[in-house]
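Chain naming follows the written order as A, B, C and D, and within any one chain the residues start at number 1.
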């Protein structure tokens, strides 16, 4: 179904601005599907994932620009480094729970942001740096239309992998960690390793999308690693629906498009955005998609 | 969280003023697109820029437009984020099909938009300070404000005149301050000035006495130069006074607005900074060509908005004037022709100074555009 | 050879001894009950045996192997599984998935196989589902196969925990008050389930307040009070022990 | 050397006391509801902005402060009533998003109601620095210390000596038990939001002469306040104060002796290290899960 939507949507796109917004929405969707494995399924929070996203972006930008590596290699190396970093910090911080974990991940994200901002000789500082096009085997991805199809395929792939994972021994173990850590432990689930695993996986997702984003956008600033961006990602997941692959996807798409629509309300935009966030969470506490689905089920059951 | 408020915080400003409703226009309007940081940390730059553009577009249309064509303005708020600036610039070029781009409140948002303007072959007049916007020259990109390098040079030449050769830098570690800091380091030795201490602070730090104490204890500091905007410089100024530091304090053009004096209060007495004639219209010489322009602009702005004029508003005014003059000369909104005409801008008297552009200079301001002012009794005093 | 040996085990919480110098052993194949009044330290003992807590002193041997200090998941791999007094159900999952998590140790747990869901993996998952459905029937939960755990009644959840613990194919099963909060009929059903489990050769260690049930099904009983061993023996011996009676009546000698 | 150290310390204490005041607001609400209110920084912003604009409009300072406190309290009560109360039984993350939404909403409202400029208040006791062993301190910093201290004492008295305060603490330990002895949980929640909004407004008023304020001022204060509260151990008022001071002093010493560019990062590294060894913060209660 997703494939159909992705194929049909461009019929409504009259120019490349629409493709651009759609590509950004799909970028966010991929990050959120990954992040949802951590937040929605394994029940762990992270307020620092924008940091991993930014590391991927800067990793690719630097490795291609100053070392002349091919973009795909730069992307994989960055993702590996980010994965290792997530592994190293994940061990100690994932012992923390709830708000303490939120604080620790937030700290990690902010430290990454500060480093990117401060090491101006390498990163260009707060004013940002430019990035080359993405090319693979002599084939260059250019223009919003081509990006649309590439990212669309990646999104479908991501959703497929995520759905696979959830309905598998590893996925069930992750969800069990959310349900009850001690309950999972006593039947043989090494909960701390699984928490680290899903943290690393979601960080790698963020890093790879960061790399692609850098190439596509052609210009990056350290703000993509800011605390605000981390919060945005979490809001997308929670608003769309935790523990629902399509929920996270829908959340990402809606929150990417919403500002483009809210553009017409001028200074009331922030108030409306805040009100929408509050309203959704009050009336649909499980997020858009799961709440709608269960309401649907209830109605069917009632008849 | 701030990003969320700006999260595309897009202001489509429906300022397009079509004469009487329903009256068919003789020609298509001239479409000007603008990305500005109306919210976020640079909002007190973006906000006056937006208000200025709106006010003058409305006035021009009331007066019959340009060559009988109305001017239509589309503004989007990028919240100071480069990534939002990219998307909105694309929207302006691709979807709104604007003829000219004005904007980019900060160097970061400008640089994010530059590749799109180049690719979309749309003339782009930036309102940001970074020297890298026009160096190296980019075919479609121009800018109106003085560069941070010019500000640093102006300050250093003033120091040199006063025999101050060993100085300390304290700068904000965000875009404006960081870029100014780097330019200061680059040009200092041309003036025989040695930077003996170099400290930074975050834009929202409540107290910077720690950094200033380090500067105070550095050997031989003869003056302190602060690069930043917003409330930071006011806190620096207050803390400077608190520590009883007696060397001269210099600020950058980033604080050339009355708000700075209001916030820093008595502590700002004696602070020197480079600023355009706009802040001291009455003190300009009677023969100064800028005098009538800045006096009129100041009056317009202050009557319309009941608040003190800022130099940032002036950058927007200059950008609009240069763009529309180029359209007038080109006789059409053909993008290539307009671009050529902007590059031929010569002898334009703006709020920032005398502008004469060329193929190698896409800003066109000479160093004389800056005046050195000193704060005396809570007001600006021209002092060069 | 005893399956489980607890030797001089102690656990302190801020100076208070919850378990003090406790020694006993569990023989393979037995239903071994731990009884005692509220606060006697029964649940703490379970937590010590299963690795949820680390002992302050003493040691635990499982199949003659020193296991104190090991993590619960490591003990599960050695064949120890348990249920909880305060339910530890995965309420975010379906009932059958709860049981399937219990089978975790016997499945392909490699990340890549899970991510790609290769045919082999899919087959194994299918078999796992059938096996777990069988366990749910075994404990009397056949009608909840497709239910969400969150929608099930309390009594059913108690049994779901047993099914989950059994899915790990344990050699020893520790049940912490399986009949608490159940009505008489449900208690009897649980009773039957425990007996059935024991008849398959699984050693059962039981903490239970329902004396009728304990006396009816236990092979051996250890009675605790204030963290210490009060008495042990067959149900008849323990019932006849005056100290046990006194402890339950609250009149300490 | 000593004078420099003392100056760094004063600098850190000034920032730290501000963070501590912000952190206290988090602690109060967490104590009675286990909610982390990310709109706490906005209460502080409202206090500062409202007072600054009223003073600029000619109102006497005490009256302006009183009105701002009232306004902030009403915002706090409204937030609890219309946004937190209906979602009381939701997930932690859901409530976090609600309070983030609230903070965005309040910033948006502030930017319309007031403006985007920076505002200030005159220092309460003049601007003559006080010299101590060669270092200097502004009188306004003493106000911040004094108010933080007074607030701590007042809160201690309220939570330990008044019936209602004890009931609020009781609610945090056990909602059912509190209900049993007839304390309305709803009333307690409402009171905790009112109290922390009030406290936020007081904080906003005393820090504005030092830091100035604008519609976005709450972001930084919220972030630092949260850090202070978590470092100290959630739900512990004294912990939040200590946490705030540690963060402030760490930043100042880091910029004095290490690098001013990395001072924020250093503060976060310290927080991370503390959490690695003390997963519930410095003074947080050890939670033992009963299974």
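One rule holds for everything that comes next: contacts are C-beta pairs under 8 Å (C-beta built on N, C-alpha and C of every residue); 3 or more make two chains touch, one makes a residue touch a chain.
The structure displayed is predicted, hence computed values, not measured ones.
Engineer: Which neighbours do chain A and chain B have in common?
Structural biologist: D
Engineer: If you average the Cα atoms of each chain, whose average lands nearest the overall Cα average?
Structural biologist: That would be chain A.
Engineer: Among the chains here, which has the CA centroid at the largest distance from chain D's centroid?
Structural biologist: Using the mean of the C-alpha atoms as each chain's centre, the farthest one from chain D is C.
Engineer: Once you find the CA centre of chain B and the CA centre of chain D, what distance in Å lies between them?
Structural biologist: 35
Engineer: Which integer distance in Å separates the CA centroid of chain A from that of chain C?
Structural biologist: 40
Engineer: Roughly how far is chain B from chain C, going centre to centre by Cα mean, in whole Å?
Structural biologist: 72
Engineer: Quick one: report the Å distance separating chain C from chain D, using the average Cα coordinate of each chain.
Structural biologist: Roughly 46 Å separates the two chain centres.
Engineer: Out of chain A, which residues touch more than one other chain, so two or more?
Structural biologist: 118, 182, 227, 231, 235, 267, 269-270, 273-274
Engineer: List, in ascending order, every residue of chain B touching at least 2 other chains.
Structural biologist: Expected reply: 1-2, 4-5, 39, 173.
Engineer: Which residues of chain D are in contact with two or more other chains?
Structural biologist: 100, 103-104, 107-108, 111, 261, 264, 291
Engineer: Which of the residues in chain D come into contact with chain B in the complex?
Structural biologist: Of all residues in chain D, those touching chain B are 4, 7-8, 10-12, 14-15, 18, 38, 100, 103-104, 107-108, 111, 116-118, 120, 127, 129, 135-136, 138, 207, 210-212, 214, 216-217, 219-220, 222, 251-253, 255-256, 260-261, 263-264.
Engineer: Can you tell me which positions in chain A touch chain C when the two form their complex?
Structural biologist: 43, 161, 164-165, 167-173, 175-176, 178-180, 182-191, 197, 243
Engineer: Where on chain B is chain A touching in the complex?
Structural biologist: Chain B residues touching chain A: 1-14, 39, 76-77, 80-83, 86-87, 90-91, 93-95, 107-108, 111-112, 114-115, 130, 132, 173-175, 178-179, 182.
Engineer: In the complex of these two chains, what residues of chain D are touching chain A?
Structural biologist: 36, 83, 86-87, 90-98, 100-109, 111-112, 223, 226-227, 230-231, 234, 261-262, 264-265, 268-269, 271-272, 275-276, 279-281, 289, 291
Engineer: In their complex, what parts of chain B are in touch with chain D?
Structural biologist: That would be residues 1-2, 4-5, 39-41, 43-44, 47, 173, 199-202, 204-211, 213-214, 217, 230-231, 234-235, 238, 241-244, 259, 262-263, 265-267, 307 of chain B.
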